[in-house]
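Below is one structure, written out as structure tokens, with a few remarks after it.
Order as written gives the chain letters A, B, C and D; numbering starts at 1 within each chain.
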Amino acid sequence: MSADPGIWVAAILTLAIFSFLYRENPVFRFAEHLLVGVSAGYYLVQYFFSAVYRKLYVPVFDNHEYILIMGGVLGAMMFARLWRKYEWVSRYPIAFYVAAWAGYVIPSYVQVRILQQAESTMFNPMALPPAEAISNFIIFLGVVTTLSYFYFSAERKGPLKISSHVGVIFIMIGFGATFGYNVMGRISLLIGRFQFLLTDWLGIVQ
Amino acid sequence: MKRQGPVVVAFIIGMLMLIQFFTPNPFFLRLYNLFLDWKQVVLGCTLILGTWSLIRYHTRRIGRRQQNWQYSYVTLIGLAFMVLAALIWKTEGGPYRWMFQNIQVPMQATMFSLLAFYVASASYRAFRARTFAATLLLIAGALVMLGRVPVGALIGGNIGGHEVTVSTIADWILNVPNLAAKRGIMIGVGLGMTATAIKIILGIETTYLGKSD
Amino acid sequence: MAFYDRMMQIDRRIIYLCMTLAVAIPLIVPIGMPVQVSDEARGFYDHIEDLEAGDIVLFSFDYEGDVMAELNPMSIAALRHLFRQGVRVVSVTMYAGGTGIAQDILEETAAEYGKEYGIDYVFLGYNPDWSGTILRLGESFKATYPADQFGKSTREIPLMQDVETYDDIALLVSIAGSALSEYWAIWAGGRYGVTVVSGNTAIQAILIYPYYNAGQIPGFLGGLKGAAEYERLVDIPGLGIKGMDAQSVAHLLMLSFIVIGNVGYFLSRRHERKLKEE
Amino acid sequence: MRSMKAVTSRPAAMYVPLSLLLFLIAFVLLCAQDVPASPARVRAADTPDDWGTCLRLTWSQAGPADQIETYEVWRYDGAAPALTIPTVAADSVDMLLKSLGWAVVDTVKITDTTFTDTGLDAGSDYTYIVAASFGATKLPSEPTVPVSPSKQYLRGATVNVLVAVAVFMALVVLLVEWARRGAKLFIRRIAGLEAVEEAVGRATEMGRPILYVPGLDPMDEVATVAAIDILGQVAKKAGEYETRLVCPNRDPIVMAVAQQVVRESYASVGKPHLYQDENVFYVTYSQFGYAAAVAAYMVRERPATNFFIGKFYAESLVLAETGNATGAIQIAGTDSDAQLPFFISACDYTLIGEELYAGAVYLSRRPLLLGALKAQDYAKIIILVAMVLGIIIPMLSPEFFETYRSLFG
């Protein structure tokens, strides 16, 4: 059994969280509130200090890159929302924050999520062994019908009805597969916690 | 100033970032890096607003003696302790790091590991051959689940000269129908995301600025 | 309540209890199940195996404490493999919570192979904003990370003299609990032409398949099974192989519950049909 | 030498020229192997897709590889004057080149036969020499033709993306304009969204709150923007029914935006007094800290309706399964495809992928947004046609197929 108080604290809190599976109870409630408080403090320190110190204080005061003051100005503008009358001021940093990334993602998503995915769906059936050609054709069929499932401009009637039904078949198989595949990952997390309890804390398993 | 200003800002900033992708001009790259730095500072500052909101939420609960108000002290003390610990003993070691490693990390990991239980109860409920669609979900799920553990490679046999096991079927499901569905969804989502981003830049979408229509 | 109704409505807590036992017992009493290697894991292995001594690999710890159980076995096995090959490792993390994990694993594996900090490996630490970091590394490593995790200037670290941009990187390994390996592939791979292989949590791994098939990520390890397969390939048994027994038993347990639920469902349907006929 | 002897000892004169020839061939072959040659065919060219700061050098391997240790790349800023180097002694070569204004840029491994010189000025001329160096010997190549790096305004590899983005933007602008002019645009029913009204109504009847989780991602994630849109619509309904809406947040900026949106929504249905800051609050940036708090909230306060709309990660099942156990009506919507199966198995309605983006449009029925949704559908048709062509074309002409396919890569 471990003699490290840190391990003991961690083990007790681990059990406290597990107790939620049985029912919500005071021990869990304590652990949950502690987790919220400690993690909120942790991230405040990590992000506030890393951002304001590294991206504002150091560049401006040590490196004299005065343009970075603008970040501080935008950040300060967010505080305007504490007074309802000046809340509109905070819309500027929000507009900046959202639009900067929106502009950036447009070409990236078009390239990676649309064009390249369409490209990988195309294939030359003559150049492939039959088994692979069939698999590729199934992929093609699945992509086309799944995409047709998301066609909003018409009622699902006639050919669209058939193709979106086929699309649902693919979607359901895909979801089943994702579900099944994820089971493994979820269980390994639990294995990790048990390894901690059994090895690090109790020392039963080596 | 109040209404149109932010929309104009969104247009200019968004367009600059859009152009950035297409040109090797270093000015745009510098701009991009600058914007990222500004964004970090905005997030850092807003975290103070967020934390303020958390503090107010809990002080109100205590003030009004709402149900379970005593626990709000735990949150507030935990928060205050972390901030003070960082200020007094710095973040590389000391109590700040100890709290992170022995309180935050194990609880987060345990919360995450609850998924092993939830995934079991959810699959027990959802994987039932009620409808055609649910049956497909069930079959694909069960095959992949079996195929991804060592047992799966042992179940199967030789069909037409090919070694077919649950593992190979599972791999085929992952690589063919699953891939097709994922890709179809991905293209659709890509279009939706791109359209939304275009709407933001062009000022067609403004709800995020808190404007109702 | 009829028996088949009971089969369909097992209390959640009974499922939870069985799950606890299914994971705990095999850990205490191991069974030793065989591991079969997938093509994805072989791709990951081959890309590392093809490296030459002296090559430089960028190794990114893209995860935090919550997925340690799944990803630490991969990081450890991959670093052992890299160090065994005599490859030099430049390491980073894209998560604030990843620094402690990265530091521990690097120190532990480097010590096993007698590697020296600053010459054989270096840890640059965490830089907020992963997307910016990924792109900026393409312009300059030293400008993105003026100092390493321990505050030492990167200009003074011998290993960093050979690293200016992605052009100097022979392979990028991202061990990720999120979409980060996809982003590495999209930006570092797509824009700067670095080969990216990844180790992923099982949930993330399923999203890697489109990238794997399109050749954007030519090899990856999926979940604990991926780690076990890889441990098999490098022939260094570790946490992955140890956990596979518990994994197998837990899967069988879940399948049994699903079977019970379905049998109950069919019995109840048959019963309903009988009632109708009567 | 032995062969010469052999020739003279034989009378047959015809062997003499033949032997000489053989000797010559042998000599040339031996020389080719023994005497190192300087790097040949040195070329400098502009690198594509940059801002005129790089030049790329290529050359063919100098022989023999086992003797040469490294290559030195020398640069002369400008068009170098003609140059003859009479010596191969490394020191003399260095001195001569340096005195003429040449400088070493870098030393390259013997296995490399390319080098990219960076940090140059666009438009200026540069001349290069590549010298093979071994021991005290250095064999410089002929100087290259002077080359100047040039600026490219457009990254060549992104032209297809540029065209696609331009087409898509044009579609959006056109259809939005069309909608603005009052064109009637049809959108089909989306099941999950029909249920919103019912879900809000149920919470009202039961006198319990509505929980709205706007995903875990920051405000710049597109899914979060969609989640905020839908939040606005849900808040209006909640305002009409005077039902409490609770929205815990993981990201502080999303919290700020959500507060504003909820307040405006209440105001727009004439119930501004219903808004209270404490119902839209920040919890913690920690993913599972947040999940723990929200799960605990569901068990303690038992909201009648849960919305999980936006970008989700592994915590999705913690939220959905806990909500399912409390018996709440659950409506989910996400583009995180890995989380969709969990939402589908534990929620009553799930907006899948793109439906999330259609959701806000569908609920608000704002014509401009409808126009943009139409643009998405037309783009979808273009992609579908392009993919169908992508399997028809190879059957007709495999050569053209490669070209066609490369348009997308």
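Keep in mind that, in the parts below, contacts are C-beta pairs under 8 Å (C-beta built on N, C-alpha and C of every residue); 3 or more make two chains touch, one makes a residue touch a chain.
Since we're looking at a predicted model, the values are computed, not measured.
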| said: Using only Cα atoms to place each chain's centre, name the chain farthest from chain C. | reply: D
| field | Result of counting contacting C-beta pairs for B-D and C-D, higher pair | value | B-D
| Distance between the centres, which are taken as Cα means, of chain D and chain B, whole angstrom | 19
| said: Rounded to a whole Å, what is the gap between the Cα centroids of chain A and chain B? | reply: 2
| How far is the middle of chain B from the middle of chain C, if each middle is the mean of its Cα atoms, in Å? | 17
| query | What parts of chain A, by residue number, touch at least two of the other chains? | reply | 17, 20-21, 29, 35-36, 38-40, 42-44, 46-47, 50-51, 55, 78, 81, 87, 94, 97-98, 100-102, 105-108, 110-112, 114, 116-121, 140, 143-144, 147, 150, 171, 175-179, 181-184, 186-187, 189-190, 192-193
| message | Which positions in chain B are in touch with at least two other chains? | response | 18, 21-22, 32, 36-37, 39-40, 42-43, 46-47, 49, 51, 54, 68, 100-101, 104-109, 111-119, 121, 123, 125-127, 137-138, 142, 145, 148-149, 174-175, 178-179, 182-183, 185-189, 191, 193-194, 196-198, 200, 208-210
| request: Would you give the residues of chain C that are in contact with at least 2 other chains, written as numbers and ranges? | output: 12, 16, 19, 23, 66-69, 128, 201-203, 206-207, 210, 213, 223, 225, 247, 250-251, 254
| said: Touching residues of chain A toward chain B in the complex: what are they? | reply: 6-7, 9-11, 13-14, 16-18, 20-21, 29-31, 33-52, 55-56, 59, 67-68, 70-72, 74-76, 78-79, 81-82, 87-88, 91-110, 112-114, 117-118, 120-121, 135, 138-147, 149-150, 167-184, 186-187, 189-190, 192-193, 196
| message | Give the list of chain D residues in touch with chain B in this complex. | response | 49-51, 151-155, 158, 161-162, 165, 168-169, 172-173, 176, 218-220, 222-223, 225-226, 228-229, 232, 236, 249, 251-253, 255-257, 260-261, 263-265, 267-268, 277-278, 281-289, 291-292, 300, 314-315, 317-318, 320-321, 324, 335, 337, 340-342, 344-346, 352-354, 356-358, 360, 364, 366, 368-369, 372-373, 375-376, 379-380, 383
| Residues of chain C touching chain D in their complex? | 12, 66, 167, 178, 201, 203-204, 206-207
| remark: Counting only contacts in the complex, chain C reaches chain A at residues 13, 16, 19, 23-24, 27-28, 66-70, 96, 128, 186, 190, 201-203, 205-206, 210, 213-214, 216, 222-225, 239, 243, 246-247, 250-251, 254
| task | In the complex, go through chain A and note every residue touching chain C. | result | 21-22, 43, 46-47, 50-51, 54-55, 108, 111-112, 116-117, 119-120, 177-178, 181-195, 198, 204-205
